[in-house]
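Below, each structure is written out as structure tokens.
Next come two complexes, and both contain chain A; in the first it sits with chain B, in the second with chain C.
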Partner chain A sequence: MVFYIARCAGQFAVALVGIVTVAFFLMRAIPGDPALYMLGDFATPEALATLRARLGLDLPVWQQYGIFLARALQGDLGMSVVTGEPALAEILASVPSSASLAVAGMAIAIAVGVPLGVIAAVRQGSVVDVAVMLIALLGISFPVFWVGITAILLLSHALGLFPALGATSEPGFWKGLHHLALPALVLGLSVAAYIARLTRSAMLEVLGQDHIRVARAMGVPEWRIVWKLALRNALVPVLAVIGVTFAWSLGNAILVEAVFSRPGLGSTILKAVLARDYQLLQAGVLVLAAAVVLLNTVLDLLYGAIDPRLRQQ
Partner chain B sequence: MSAAFELRGLTAAVPGEKRAIRLVEDVSLSVHAGETLAVVGESGSGKTVTFTSSLGLLPKPGRVIAGEALLEGVDLLKLRPEELRRTRGARIGMVFQDPLTGLNPVFRVSEQITEVLRAHLPISRSAARDRAVELLTRVQIPEAARRVDDYPHQFSGGMRQRVLTAMAIALGPRVLIADEPTTALDVTVQAQMLDLLGDLRDADGMAMVLITHDLGVVARQADRVAVMYAGRIVETGTVAEVFAAPRHPYTISLFRSIPDIEAPTGTRLTPIAGSPPDPARRPEGCAFAPRCFAVSDAAGCRSVRPLLAGVGHAASCHRQSMLETTA
Partner chain C sequence: MNDMRKLPAFNRREVLAGATGITLGAAFGAPVMAQGSRTLRVRFGSDISQLDPARIFQNENQSIASHIYNGLVQYDQRTNAIVPDLATSYEVSADGTVWTFKLRPNVTWHKNYGAFTSDDVKFSFERVLDPATGSLYRGQLAGLKEIQTPDPLTVRLVLDSANSGFLHKLCAFNQGWIVSRRAVTEIGERYSMNPIGTGPFMFDRWTAGSEVRLVANPSYFGGASTLTDVIFRIVRDETAAAIALENGELDIFYALQSPDVIDRLRRAQNITLLDRPANNTANLVLNTTMGPLRDVRVRRAMAHALNRKALIDGFFRGTKFEANSVLTSTFQELSEEGVPRYAYDPDRARALLREANVSNFRFEITTVGLNPFDRFPVPLANDLQQVGIQATVRVLERGAYVQARSSGNVQSCITAVVGPPDPDSPLVTLYHTRSHPPGLNTSRYDSADALLAEAARAPDLPGRKAVYNRLLRQTMDDLPVIPLYADRLFLAHGPTVQGFVQNSLFTVNVSPVSLRGA
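Here is the complex of A and B:
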């Protein structure tokens, strides 16, 4: 197990260096001269040369890469061109808001999706199964911004259950949670639909396996067979997809934040794109990518906890 | 003495396009405490279906359409689902063919045995774990106390079959059904497994049903034998009777198809020509007629279904009298 954890951590480190590398070359691949863009069309050649030297743009690319990598690993991702603040700090400041949205959304997705998928699998072909799968299909098909707007119209405007704004400046945990509820629900339900379909197919496969027949022959109660013996087997593929959907739901989180006027990583990155703030954008992409890799590393550890065979080798 | 386990006219079917397809038909057999009944037949002859359906484990949409499955006089097919669940595993145990897929890969062996014990008994987890160690010791797993918390993939095939056997006997059942328990094992391990099952049967006075296609296993382990073909029992009797003078042409063909160590070198085995009929398209008369060496139109082999005839040693063949005289 210790070796397994060490291996996962090693893979995380390698992936992180990979992300930094890709981010560097992506930024260099963007056409145009950053110095020219920053100083404007009327900049003097001297000023341009000075800024290029300050940004290190006069050095060979491999040298620039070395410097960038060394700085990035120390947590220095340059300054925001617009505000002059350290880019990483500015991005990290918007992380907690997005993280709470993503975590709450994921929690809802799992809490709703897994049980629905299990029930649909157990009652395969029944009205319940068809209904769950139909709703799941709709949940997957409708874009999240449409669901978000509909939810605002229905639940906050018409019924007044939740505030239409996804955030509040008022302090207090419950106040924050009240504002978080609707965006998290919108984000979570789209993922829940996906998880429900996946859990259903994974459960159907497991329920057909020999060890389930053995458990039945031994007189183990059906609910123990379904919710314990079969479900733990079915969770391995479900976890794998949660890793993939997390990256996808981060994209959706940006849309949800926009719909609910909620500050966060999404709005910060959107602002950076509109202002052509390359440094800030680069930091944002790096943090997003690191979050996805981190989550997948955690999931790798979880697979090992669930399926002992994966701990081996 | 009444039988520990008895099937009477058991018929199980799945819905077909025109009419129900009968997987097993009119199967009657019995096994007494301390005795082993071997059920022999080719793949698809209905050996496994006979017993899974009598335990209510036939996968949907299959179901039992006629007959009784009596466990110490109580018809399992008439029990309510919860009563049947309490009976399964507690009073009648089953060991399946493939030990590699029979254990749940993501739970420790101790957890799986505990699950079975706690399904039937109000005992604590720690008591169940202690009991699991005892059970593993009983099925001769070395260092049971250390291995009880291992996962299935850490055991060999033979050891996994022992674990499954331990689960099947965990609650001291009166009847143990072993469905090809040695088929998936190495030859060297097969004999050990059979000896273990025999020892457990003798120690607990269980009635044992041994499903197999291996006549060698029958000769070694069983007291009585039932030969199945195309969903029906075609011959039954004591092992001594059937081995000394098989009466059904199918049984005779089975004996001819096994190698004889004393036969002169170069002697060819006699395979049974053709293959068993599809359950949906069984012949009108005797199901074995298309492959039979003694088939005769005059005797009605192709038109009339033969019945199991004889007291004790019985066979279902229109040509029995002819076979007896020529044997």
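Here is the complex of A and C:
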């Protein structure tokens, strides 16, 4: 067990350093310069030189990398080039917003997507199946910002059910949930479409297998066959997709965040890229990478819980 | 100029103070808690990044700073006339080089940083002038030789030569905002997001990507605001912001640009839509050192080829104004008499190109990938193709765009100089040799320095106006820069907002606002 944890931690560290290193050099390979960004329209050669020296941009890139790595090992990810505030603090501040959106969105996606997929599989070829798959196709095809604006127009403006702004600074759990509902619904339904399609195809495959036929022959009730025996096996690929999508929505729900005016990890990283705020970007990539790697480790353990064959390996 | 030396006694702060007096009576009658908070919610399109006047740029930052800081003088939001702020009066020596300001007594810095004195003024300007600060605005105070503080309420600015436009540089904006010596020194590195001023609102907190909160300064010298706090809420999508305004989730919609959303809010009930000419134009800057662009006839041919009216009426659906020079109607110094104009005339453009013996001319417009700058050059390129110029548009993401432009190695680029109603702001930035790349004089124009210096030496406003007129005539004749349209600022507010004044800067200032029924 100790060996297992040590191996996990080692992989974790290697993945993080690798990702951050790639981000570090990629960022410096693209055109653009934080000093120029900050000086804006009034850049003079002299002001540029002063600022570049202050930001350490006049050093060779490998030297900047060395300094960055040495400081990062001590837990210091530096100050945002633009605001002068600690970069890690700004990134961490955007995590709760991203995480709550991802969790709520995923909960809706699973609650809607899995049952729909199962029903469509059981009633394969029926009107229900065609209807569910058509809706799923539409859900996948419509861009999320369009669905978002439509949801705001319909559910917020016309019906007055939810606020148009998907976040609030006012305290209170229920108030926060009320603001979160609409963005979570939009994110959740777009993911639900994928999950429904995937559940359906996985279920179809499992329902055709021998052990299901045997169970039917032995007179096991149909609801038990579908919801217990078959679904459990069908969930393995679905779980993989849920894991990937969850990680994706942590960092890439930028469009949902933009439409619903929510802060978030993805939006903060995007802002850092646009401003060439190297420190902020590095902190953002590090946090996002840590979250994704951690999530994958948890998922690996979950597979084992669902599928005993994987546990033995 | 003489009439300006005695600063007018009446200004908007006193109007504000009067209004405050009435509401304060009510406020004292009942505990503040029972009244509830009077929070004003303003939409921002993007996040803030820094609030240090020496390095500040971008409209959102400047909007926040305008609530926190004061200048010696300020632009009246309505008229752009220069009126008192921290200074109550000033005198100029006969030779125009010594400016003495009397400061307002009993002004205190936010959050117990002590009394405001002439030493803070000295510190603020010297800080901008110090190369180590890396201020963007060092050039603005270039002629300032010495700052004397004979007593705590008097400050004397000594210039190396007379400059009748100097008051513009001291207005409450960018380098004109006064900071506290003690606060800047004590807060140090993190001052940028922990600003201390003397203004009507104090900085409370910034939640990255989400909002900025300011609270009213109860001891503001102009009288405390009737609002308890202001929340600047970042709502990136304009349609979502419009709905939030209609729902009453927001009070003021700042940075309204999309013609669709402007239409929607114009039709909405209970929404007031405001608009005002801005201080800036959007321009096509031509590099006068590259290929056929060296020939003035080619530059004029381009101006005739561009159907700028169609751009404004079609693409922008009438939400911009025509521009005949890089100054707009908001500048007190503007006079367009005798300034050459270039009507849409493709035949004339073709004739000029033939005359200049130009064929197979490949021309590239470099622009930034931000709405609308990434899209409106496309119809312009099409106009140029109609007269035989092989025009293309290169859209770059902002960081790459800034780098390409400041390298100076572009044939042309789209540039808008957003700034105060000081004619030097666009004119020096676009035409002076000191703004050659990495500055914004990407055309590398070099014939304006003498006239700009002459305008500074002119004794009074009419004199300066005459010199600026000559400069506009010359630059529109030489045409290193083709003005495309004059910007127009739109803003909307809900039914409870009272007393709001829209300025011609690209900023929003809610200091005089009160809320009805709150």
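What we mean here is this: the second predicted complex is superposed on the first by the 241 of 313 C-alpha atoms of A that agree within 3 Å, B and C clash if a C-alpha of one lies under 4 Å from a C-alpha of the other, contacts with A are read in each partner's own complex, and residues count from 1 in each chain.
To be clear about the criterion, a residue touches a chain if its C-beta (ideal position, glycine included) is under 8 Å from a C-beta of that chain, and two chains touch if they have at least 3 such contacts.
All of these numbers come straight from a predicted model, not from anything done at the bench.
With both complexes superposed, C is the one of chain B and chain C in contact with more chain A residues. Look at A:V259: by the touch rule set out above, it reaches chain C but stays clear of chain B.
Of the two partner chains placed by superposition, A:A181 touches none, neither chain B nor chain C.
By the touch criterion defined above, A:I135 lies against neither chain B nor chain C after alignment on the C-alpha atoms of chain A. Look at A:A93: by the touch rule set out above, it reaches chain C but stays clear of chain B. In the superposed model, A:L302 lies in contact with neither chain B nor chain C. No residue of chain A lies in contact with both chain B in one complex and chain C in the other.
Contacts from chain C toward chain A in the complex involve residues 47, 49-50, 55, 57-58, 131-132, 134-139, 189-193, 207-211, 213, 231, 233-237, 239-241, 243-244, 246-247, 249-250, 397-400, 402-404, 406, 417-418, 429, 434, 438-440. Contact residues on chain A toward chain B in their complex (touch as defined above): 209-211, 213-222, 224, 228-229, 232-233, 236, 306-309, 312. Against chain C, the residues of chain A that register as touching in their complex are 30-33, 36-48, 50-51, 54, 79, 82-85, 90, 93-94, 97, 145, 148-149, 152-153, 156-157, 160, 163-165, 167, 169, 258-264, 267-268, 271, 274-276.
On the side of chain B, the complex with chain A involves touching residues 55, 57, 85-90, 93-94, 96, 98, 101-107, 115-116, 119-120, 151, 153, 164, 167-168, 170.
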